[in-house]
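Common to both upcoming complexes is subunit A, partnered first by subunit B, then by subunit C.
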Partner chain A sequence: MTTQHQGFSAEVARARTIRYTWWLAALAVIVVISTVRLYTGADRITAPGTLRAAIIGACPILLAGLGGLWAERAGIVNIGLEGQMLLGTWGAAFFAYHYGPLAGVLGAALMGLLGGLLHAIATVSFGVDHIISGVAINIVGLGAIGFLAKTTFDDLEGGGPRNLSGYSTPPEFTVPLVADGARSLADRNWFIISDVAGAIAGVTTRLSLLTVLTFVLVGVTAWVLWRTSFGLRLRSCGENPQAAETLGIDVYRYKYVAVLISGAFAGLGGAYLAMVASSSFTVGQTGGRGYIGLAAMIFGNWRPSGVLTGSLMFGYTDGISLLSNSGVLVHALLLLVAIGLAVFAVLKLRAAEKITAAVMAGLSIGAFVWYFSSDSVNTSFTGMTPYVVTLFVLAVFSQRLRMPAADGQQYRRGGAG
Partner chain B sequence: MRRLSTYGVALATCGLILTACGTAADDNDSDNDAAAAECETVQLEGDPQVGLAYDVGGRGDQSFNDSAYAGLTQAVSEFGIAEVTEGEAGQDESEDIREERLRTFADSGHNVIVGVGFAYSEAVDTVAPDYPNVAFAVIDGFDPTEDDVNCNVAYLGFAENEGSFLVGAAAALQSQTGTIGFVGGVNNTLIQKFEAGYAAGAEAVNPDINILTTYIEESDPAGFGDPAGGQAAAEGQYADGADIVFHAAGFSGTGVFDAAVAADKLAIGVDSDQFLTAGPEQAQHIITSMLKRVDTATYEFIASAVNGEPDQGFTTFTLADDGVGYSTSGNFLTPETIAALEDYKAQIIAGDIEVPTQP
Partner chain C sequence: MTTIDVEARGIGKRFPGVVANHDVSLHIRPERVHALIGENGAGKSTLMKILYGVQGADDGEIVVDGRPVTFSSPTDAIAAGIGMVFQHFMLADNLTIAENIVLGAEKRHGIGEAAKREIRTISERFGFGLDPDALVEKLGVADRQRVEILKVLYRGARLIILDEPTAVLVPQEVDALFANLRELVGQGCSVLFISHKLDEVLSIADDITVMRRGTTVGTADPARATKAELAELMVGSELPSPATAESTVTERPVLRLETVTVADETGREVLHDISLTVHAGEVVGIAGVEGNGQSELVEVVMGMMRARSGSIHLGDDDITRLNTRAVRDLGVGFVPEDRHRHGLVLDYPLWENRVLGHQTSAPAVRRGLVSRKGARADAQRIIEQFDVRTPGVDTSARALSGGNQQKFIVGREMSGEPRLLVASHPTRGVDVGAQAAIWDHIREARREGLGVLLVSADLDELIGLSDRLEVILRGRLTARFDPSTVTASDLGEAMTGGGVVAS
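Right, the complex of A and B next:
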């Protein structure tokens, strides 16, 4: 009884230390960002408008990433997220135009779910290679919405054969008092306080209900997959489906459910693009966000919190590339990148990974040199920022990532032998 | 394997060079012809059948492409053209898809073909020589091989810088904050003409005006069909203090208007009179539009073909012939502003003001 009790309290203490470390790390990041902001004078790094743009950029990626997480946790690689998102954009526009914003959101999820169903039938029931099925869905998705748009939107008011606008979108609200208070603090340009206030103001101003739903879904995903027996069974299908089968789990059913949910999430991502990031539909407006979502999921090590971090980072770089005079802002971020690389180099050196440390240090010096030898980054580069960051992060972190053990593998019922 | 592919590349290169030589030789012939004599009138075979290929954004963009559609509709109803086909461009399609679209039109008997948007310039240049009895037109077009004159192509250009000058002056006259914005779809020479004129007009009114500029894409035509990008770009400019934003971004402009509605700021439309084409809520924020009479250009080209003498060569629609201008729908422009704009317009037409084409 006592030993069990001691073991329990030791575990609590360890969890607490980990939590403190995370808080300290987060605080350190904020301090560094704030210092860089004051040093470079690029106050827009943490301005409310910038962070709002970042969140709007992040949400579609986040929804796609969560969709990818659901499928891959059950062992199905869903590279068809892009196609399911595309189906979602049409679903959102069509149903919102005729039946209002709530129907639009549900319709988008339904269309995404249909895309997921197609993927599930191909990969789970027929054992088609996951990548091939996914790529096919991306192609079919684009073709399908092109056809659907032409047949359903051409004659509508505000519509054309490839686009539609003039439908209602989910309501937005501004948190009273908090938003204004945070905004006035953010405008003072104080150390740390203004940065945090900027983030709060960015989040609380004209917040769409769909944005709220997106962040709620992160929590729901984490809870369902890691805190319920359903989630445990689902993940066991991604880790070792044969073992799951021997324990009496209907692996096919769990895989189906996971891929259907995955498609629905991607469809919601499409709804976000067509209803919050803009209020118009056009064929092919996802612009590769499904793939970036997949990258965010890999960056996030197949964990919801990681997907959230990755999406916010990609969303931030995506958002700032569309700010006016973004060259100066990206230039200031170079300094941030240089410092971040230097910190990683030190950490790697302490972990005795000399080669990685050397590469990091070299890159860090390169970034410092670039920063101090120029005043602004060419706008051609700012547009590339999200993709460069994706590549870079994957290159740096990929060694520490662990995907579900049976991810992407074909599973046949009765294979447990 | 590697060696094999090296040979492949070498062979392909040879092939390319050879074909290039072939066309270069042809070029010289037609060049001489063109230099020797004026192009002869294109002889259309049979009744005029119109094919209209849209740019990215497509019909329903409430802007550029819709303006071309308006011209087409007018021509069709006026001349009773029986056979009309429209073609839609995809978000990121390659050059050969555009060529294929034009060839499909020509092969199926269409003899009056309009490519809407500069993106068709290269495709028309490739396709047109194969169909000497088909009259082509490219709106905003340029001739990529200027030595080689295509006698059956009309390049319909506009003095966008002049029209943009006027809306830039309007923005500067009515701005409360002294900061105005410009959102371009793609950072190319065509859209830079809008930016240059807009900035020149604003600075003519107020030399100290602060102009924010954002391009949605650096080179990808998808920037004309990205409302989310337009919204993000305009939202950033409004947050940075701009109170009037002018867009030259095709369908992405709907995102700019959404941002104007959300921020309760103002916007300036482009190509069509967007006060009339946008939704009722958006329209209340569109103070004027830079009119680019793509409809007139399309209509006049089809009319010339119907009359048996299709337009050829370069035509530029300017302020002087009302090819570009500004709209006053919604009565957002004050009488003083309109008076000032008319004054500038007269000066530009008279040549007293030279509007730049490069920012």
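Right, the complex of A and C next:
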């Protein structure tokens, strides 16, 4: 009994150490960013406007990532997020135009949910390969909204065969005092303080209700999946459905529910694109964010907090690539990437993974060379930033991840024992 | 705790083309350990699945405490007080012990502290010593089994069905399990214990029922029955013995490992300084608690893992850096530990499975192309020579029982006259009939000069078949025994590190 007790307190102590390490790492990241900002003179990398763009870039990815998380925690790979998001963009535009912004949000979720239903029927009931079904949904989703836009938007005022504008969007608000205070601090260009203030100002200025909802959903997802028996059952279907079955759990039902919720989240991501990131609908405006959401989920090790981190990172690169004169910003980012890679190479070297360390070091040197041999990154490249970062981050981080054990596997009832 | 009385009457179950159970009758009395014995494919598993509601019966009825019941799912069986511990544990590795236990029974005590308290209470009452917050991934086999039993108890089960619970345990762990079972029975539970290890059955059971070819063929009283009698009921023949008659050991080394050290992906040493020689005509048995480096030893010989230092020779050939293909081509047969993961492609017909692992040599392959005719003929030869019970070479491997799958693998690995056979648990989950056949084939090949590296958890097999025993503990060879003088308890002690049961 005593040994068990010691083991227990050791566990607690370790958890505490891990938490400290995380805080220290976060602080170190801020210090590095701040230093890079002062050194490069690219003050805009932590300006409120940039960070606001980052949040707006992050939210659709975050919603897609959370959607992916719901499905994969139940063992279904939902690569159809992209298609479900596309359906969501149309749903948001259509319902918001006719019935107002709230209906737009709900309509987008509903359209995404329909996409999820299609995926659930294919993968859960008929045992279709998850990837094939998902890709089919992406293709069908694009075709469907093209058709729907042509038939429903062409005759509307502000509409065309492939676009629609002039509908109302969810309200935005600015937190009084905090936003102005933070903004004035941010303008001073003080080391660290201005960077943090910039982040606060970016978050509190012209904040959309849909953004608030998105961040609330991160907490809701974490709470439901890890603190309720419903969530436990859902996760068990992704870890070992046969075991769940022997305990009397209706695995099919939980998989269905999970994929439906997944689709609805992706639909909300579409709503965000069509209502907050821009105020108009265009066919195909997701631009692969469904896939990036999936990447954020994998980067986040199938956990809500990880998905949040990944989305913010992708959102940031996505956000700045849309700003004017982004070449200079991406150029400053290059230095940040070079430093990050160097740190990673050192960590890998200490873990005795020589080859990985060497590759990291090589890439790091490449990034340094690129940074010092140019003044700006060509604008043709800046648009690629989020995608390059996606590839890159997955290549670096996907080595020690733990996905749900039965993720992507076919499950048939009655196979237990 | 109230007691439970379960009776199965005239149970029948048919699958397309097979009668799995017919006219099966069984009476599990309250507060008794009831053993169900029979060969693989005798229909024990089907009966259990029916009792636990995984499958429905076509005929007959189940009577609990005098009332007929029908189970359409495990939920119904659980509600009636019946719980089951599967042979292949039904646990989610990435969840904690508590999460695995409360799953599906969240209504009893929620999923928070109250549930953990209840788990601790049960764990202490039966001396399981489990921490509800530990991840299942980190547990050893014996602890996993306790989690499974706890899972069943947490649901208030009064009849606990255990499917071959001792197959994966070392002797000391078996003793601990039996103590746990005695405790359970003492507190009002009933236990249905499925096994084909007769001495264990005789030592733990209060009642014995024997199954053969899908039906119950008799009952026995453990106080009076002997192993021979039970075996005769089970297979209609005498109990096979693994004992090897005369020594055929030669001086010619077939496999020579010199100071081999192996590390896993994280850099931890899983094998340390292993030196070992297998001579022609010699069976070297590796005894050890699972997870002490046996799998790695096999994998490093087979070229599935790389040695960090040291050398491995097959005869005069250095195979330290060779891949599995090259090692096999030099004349090494390999019976893998997990026949479903490594030995067979379950959905391939037998003749295609015959080609696997021999895709560079006749008769399965000629001039670089698969020879359908040659492979089929040779698969047929294996079926006849090794007595594989199957309708034909076109049957998919999945349709065979475990014992027949294993006989087929052994047959395949013995073809092409290998110099060395690396056999990992060659008779795990195999019934006595097939076990005897596999032992006979290994013995025969050994007489003809085959060297065998035998890894097994079955001590009878190790002692009976080996010419020399090596004990592996935490990646080191720690002791050497002569199988003709060693006892199971000596060996068990050495395997667990000198009498202390590893926790």
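We adopt the following convention: the second predicted complex is superposed on the first by the 404 of 417 C-alpha atoms of A that agree within 3 Å, B and C clash if a C-alpha of one lies under 4 Å from a C-alpha of the other, contacts with A are read in each partner's own complex, and residues count from 1 in each chain.
Here is the rule we use: contacts are C-beta pairs under 8 Å (C-beta built on N, C-alpha and C of every residue); 3 or more make two chains touch, one makes a residue touch a chain.
Model, not experiment: these values are computed from the prediction.
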Next item on the list: Specify the partner with more touching residues on subunit A, choosing between subunit B and subunit C.
Entry: B
Check: First (subunit B), second (subunit C), both or neither: which does A:G100 touch?
Finding: neither
Check: When the two structures are overlaid on chain A, which partner does A:A352 contact: first (subunit B), second (subunit C), both, or neither?
Finding: second
Check: Between subunit B (first) and subunit C (second), which does A:T228 come into contact with in this model arrangement: first, second, both, or neither?
Finding: second
Item checked: Partner chain(s) touched by A:R402 [first = subunit B, second = subunit C, both, neither] -> second
Next item on the list: Pick one for A:N240: touches subunit B only (first), subunit C only (second), both, or neither.
Entry: second
Next item on the list: Check whether A:G366 is in contact with subunit B, with subunit C, with both or with neither, and answer first, second, both or neither.
Entry: neither
Next item on the list: Name, in rising order, each residue of subunit A that touches subunit C in their complex.
Entry: 4, 7-8, 11, 227-229, 232-233, 235-236, 239-240, 242-249, 351-352, 402, 404-405, 414, 416-417
Item checked: subunit C residues within the subunit A interface of the complex -> 45, 48-49, 52, 54-55, 73-75, 78, 84, 86-88, 90-95, 99-100, 102-107, 110-111, 129, 131, 133, 151, 163, 267
Checklist line | subunit A residues within the subunit B interface of the complex | finding: 44, 47-50, 52-53, 56-57, 146, 150, 153-154, 158-166, 172, 206, 273, 277-280, 282-285, 287, 319, 322-326, 379-380, 383
Next item on the list: Please name which positions on subunit B make contact with subunit A in the complex.
Entry: 57-62, 65-66, 86, 88, 90-92, 181, 187, 212-218, 222, 225-233, 235-237, 239-240, 251, 254-255, 258, 262, 279
